[in-house]
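Here come two complexes built around chain A, the first alongside chain B, the second alongside chain C.
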Partner chain A sequence: MSTPRGLGLLAPALLLVCVLFIVPLVRLAGLSLGETTLSLHAYAELFGAWSYGGILLRTLRISAAVVVGCLLLGYPIGYVLAFSTPRRRALLSLLVLLPFWTSVLVRNFAWIYLLRDGGVASSFAGTLVGSDQPVQLLYNEIGVMIGMINTLLPFSVFPVFVALAAQERTLREAAASLGASPARVFWTVTLPLSRAGIYAGALLAFATALGFFITPALLGGGRVLMAATFITQQVEEFLNWPLAAAASLILLAAVMILVALYRRIAAFNLPGGEHAAG
Partner chain B sequence: MPRVEHGWVSVFFHVIAASALMFLLLPIAMMFPLSLEPGTMLRFPPQGVSLHWYSDYLKDGAWIASTILSFQVALGAALLATVAGTFAAVGLAQASPFVRNAALLILMSPLFLPTVVAAVAIYGVYAALRLVGTPLGLVAAHAVLTIPFVLLNVQSALAGAPRALDEAAMSLGAGPVAAFWQIKVPLIRRGIAAGAIFSFLISFDEVVIAKFLSGTQAVTLPKRMLDGIFYEMTPMLAAISVLLVLMNAALALLALALVRGARKDT
Partner chain C sequence: MTSPNPPPVASAVGPVLAVRNLVKRFGKVAAVDDVSFSVAGGTFLTLLGPSGSGKTTVLRLLGGFETPDAGSIALGGADIGRLPPYKRDIGVVFQRYALFPHMNVAENVGFSLRQRGVATGERARRITEALEMVGLEGLGGRAPSQLSGGQQQRVALARALVFKPRILVMDEPLAALDKHLRERLQDEIRALQRRLGITTVYVTHDQAEAFVMSDIVAVMNAGKIEQIAAPRALYEAPRTEFVARFVGDSNIFRGPVNESRMRLADGVLIAFAGNGAPPTALMVRPEKIRIGKAGHQNAGDNLLQGWLIDMRFLGDACLYRVRAGAQEIVVRDLNRTDSAHFAAGDEVILTWPAADTVPLS
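Now for the complex of A and B:
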């Protein structure tokens, strides 16, 4: 055999992905090293300017807050899924999956309406913090976080569900038979044993959050500049390809590291866990 | 019966989960009343009940042109991704571990890497090749983006399908091509169909790549909606949203049923 088995069948897909994805990325990497002469100028500019550092910090801060929000809301959903009858589990996972398959524009449009000044949400938030003034929830980081948590929530639900569903019930029964209260069984057995699901869900949500573009643009109203917004601006407004390319490569590297970490966790502890990404 | 295993923790989690599901579903449900507004302002509750924003949408040439373009692009991308992805999934099953791992890494990369980076990278190449603003350019870019979904679905269908049947057919005298089309493909047809539907859905809703590659000539429905949300929030956007929600829900349910059916076949 002159060619490895299966390569002929793989060729069309590999050709498509290489020509339209890998080659453009390599070209982008080249651009980040200067358009005419080889230099690290773009990277120096990116790390040298305070304003760019602010964008990086904001991207990390918002993404981290979004991950915390996703886990606080997603863990309970994963928990309920794992401890449901198969029938109820099927229904509940549909309720999580249908929003996942709804256009991100539809959800952002809804949030702009729901969070606007003088809307129900902003008055309610005002009451919550004890002020008679409505709290501004739109066109700032809070609005962006709400929209991003709404989109990324399913990413944290399914890894948690898989980790909880894979647990042996005998472990919980053993703890209970040794006198642990039901709540203590959770805190000392169930929760620690679902760590892999928590880490996997967090990594997946964080890696995706770093590259978010539409939600920060719409719910941030141009006032919440994140990494993806910055890249777009450099390309469309300033035509500064080297800077856009350098920022893209750093974003890419960060996401690749997170995905590699996720795959290590998923491979060992979450059989089929990566399907949550689909 | 679901057993309460963790006392008050379990009760507490059920309450949070119910609120979280409301948080997921409420914004989508809001679109239905908002779309019925007779006036020009978004209002809740609506001032009356009218379907005129739906008929305005259907009569608006620019919106309909974008809708038709989105259907064409999504159908083209789904077709391309399904054919290439199905061949690739079958090829992966035959390949040596080294080839399989390398090919998987390449083919799955569009799923994991930030879309905005892909969009900028492809835009750079398309601008040089004058492919910005062409439907064909959008089809190709979207196909690449959705190949991982076809791959995942066909791979899991293959994992469940009886392996030796196509080899048995070949030992009985069928050529490899006949064995592929007459034995293999029918065995994994549900996985292929599910992959094609997911691929269509992703392309139809895709907005980041479309924002860069649409130009002024090939404005897809999501690109036009994005501009609409930026510049003019009208109840027509709510009406279009309702139609999108219904179409996506129907297609996603169909694809999920196919995935479940493919699993039952095994």
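Now for the complex of A and C:
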């Protein structure tokens, strides 16, 4: 792979990545260390002020909750996709991807309409929790999470689908023949062997969620400040480039740590536990 | 392994496994078309057939991975045809082992015991016992991926037997292994099966494998059982042309039949021993025919004159292709010290007794 010939084929892509990604990134890193003099002021400010740290924590917390929501909703969908006939699979995939292809504004305004106070969703949620009052679903973190889960669902559905579809049918049949009920087959064979898909789906959804900008702004109604919004504010309103650059790099670092973690987990698939005597 | 296996003793309560009029359709195609057979306790039965003959589907119906469209499967007298796999108590060995890759060997073998709530100590004891049984003692901690193909197949066997199932079914378990290993495992599986006395249904497309391992062989074709018999009976007295061709090599003759003679297109008469309905064809095995120099008098009810098209030297035998009138006949002559040698173009005579001419329907 690392032959000169292979490198030649990679050159256009490498050049593109260098010019459009690595160079701006280095420039961004430089910017975060001050516009005129070299200092760690921006980082100190970011970690020093409670409000700034709170924004980062909120971003991480919402993204994590969104990942959990995506997996809870996405796993069953991926499961159904994997065990459908090709025709039904094509139709269902289309339905999963439909929101993905819809304009982000249209999608968010649709949610605003659906989730608004006194709307169907909020009254229904009220009934669910046993209160006469409608539950507020819009212009708070719940609304933001609902919108983000809606957008990111395909990110968790498809890796799970791929992992399940690649699983050999005879493994489940073997487990059943050895006395495992369908539920036991799922917990002992199907689910553990689809872990790679779950991790990949979680990583994709989480990394994308960290950078969400429009959905938090619209469904949060300005009350749910997330990192991307904060960065834009710093650039556009306060012209504080170093702070925006520092915040961007911290987000990037968070994603890179997760990718590294994922690679560790994905490589770790040695069986453990029960050993026969001898 | 040339002597016929002892006939299985039928238990007093009837067969362990009885399949009656089993039908399974995929769309319009009947993969299994009215199949019936029964297996006595301790018997090794093989379903032998080409790919697409329905043998694997029968096995999947036994395992409960497919639901029959009609018919019944009785195990120990109770109909299990519609029970889910996990309630059947049948050990299954799959073609490509199907070991759980996220569990080590011991966990794989112990899986069924865990499902049955066997206590940890007892489980460990039985896992060790099962691994010893297949010659893999001490490998419990290995991952399946760290084992060779033959070892993986042994683990699959141990896993299918450790819970003492009522019958064992195996789907071409040796297909992925090389010839030498396959032959060794054939003997090992057979020996183990006899020692445990477990009723076994085995699927293969390999005739030699079926003969070496089985008490009874059922030849399948197009979803039906063509013939079910002990290997020797199947070889010596195939009932249909399909069986004759699929099991061993054969010379097939066709023509109008009068009494116990068939008239071939070139007027030659072939004598056969039969007393049933007139056969549609006759069959002679290549090694039943004696080949001799023209002019030599050979004993035999049937005598054909011809000339040698070509010969192939196999080491232990010679395979001759002989043109006799309108027929092309294959003869297998064992390589004995006193065997005559022939070359292409030689005139020869072929002789064989009427008793070796098998009428086919």
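By our rule, the second predicted complex is superposed on the first by the 231 of 278 C-alpha atoms of A that agree within 3 Å, B and C clash if a C-alpha of one lies under 4 Å from a C-alpha of the other, contacts with A are read in each partner's own complex, and residues count from 1 in each chain.
Basically, a residue touches a chain if its C-beta (ideal position, glycine included) is under 8 Å from a C-beta of that chain, and two chains touch if they have at least 3 such contacts.
The model shown is predicted, which means the values in this text are computed figures rather than measured ones.
K.L.:
Now for A:Leu128: first (chain B), second (chain C), both, or neither, which partner does it touch?
P.N.:
neither
K.L.:
Let me test your reading of the model: by the given contact rule, A:Leu193 touches which partner, first (chain B), second (chain C), both or neither?
P.N.:
second
K.L.:
Would you sort A:Thr170 into first (chain B), second (chain C), both or neither based on which partner it touches?
P.N.:
The answer is second: A:Thr170 touches chain C but not chain B.
K.L.:
So, does A:Leu239 touch the first partner chain B, the second partner chain C, both, or neither?
P.N.:
Touch status of A:Leu239: no partner.
K.L.:
Considering only touches as defined above, state whether A:Ser181 meets chain B (first), chain C (second), both or neither.
P.N.:
The answer is both, since A:Ser181 touches chain B and chain C.
K.L.:
In the superposed model, which partner reaches more residues of chain A, chain B or chain C?
P.N.:
B
K.L.:
So chain A touches chain B in one structure and chain C in the other; where do those two contact lists coincide?
P.N.:
Common interface on chain A, chain B vs chain C: 181-182, 185, 275, 277-278.
K.L.:
How about chain B: which of its residues touch chain A in the complex?
P.N.:
Residues in contact with chain A: 1-10, 12-14, 16-17, 19-21, 23-28, 30-31, 34, 42, 44, 80, 83-85, 87-88, 90-96, 99-100, 103, 106-107, 109-118, 120-125, 140-141, 143-144, 147-149, 151-152, 198, 201, 205, 207-208, 212, 222, 225-226, 229-230, 233, 237-238, 241, 244-245, 248-249, 251-253, 256.
K.L.:
What residues of chain C sit close enough to touch chain A in their complex?
P.N.:
Answer in residue numbers: 63-65, 84-86, 88-92, 94-96, 98-107, 109-112, 115-116, 124-125, 127-128, 131, 137-141, 143, 159-160, 163.
K.L.:
Under the stated contact criterion, what part of chain A meets chain C in this complex?
P.N.:
Checking each residue of chain A against chain C gives 168, 170-171, 173-182, 184-185, 188-189, 192-193, 269-278.
K.L.:
Would you tell me which residues of chain A are touching chain B in their complex?
P.N.:
4-14, 16-18, 20-25, 27-28, 31, 72-77, 79-80, 83-85, 88, 92, 94-99, 101-114, 120, 150, 153, 172, 181-183, 185-187, 190, 207, 210-211, 213-214, 218, 228, 231-232, 235, 241, 244-245, 248, 251-252, 255-256, 259, 275, 277-278
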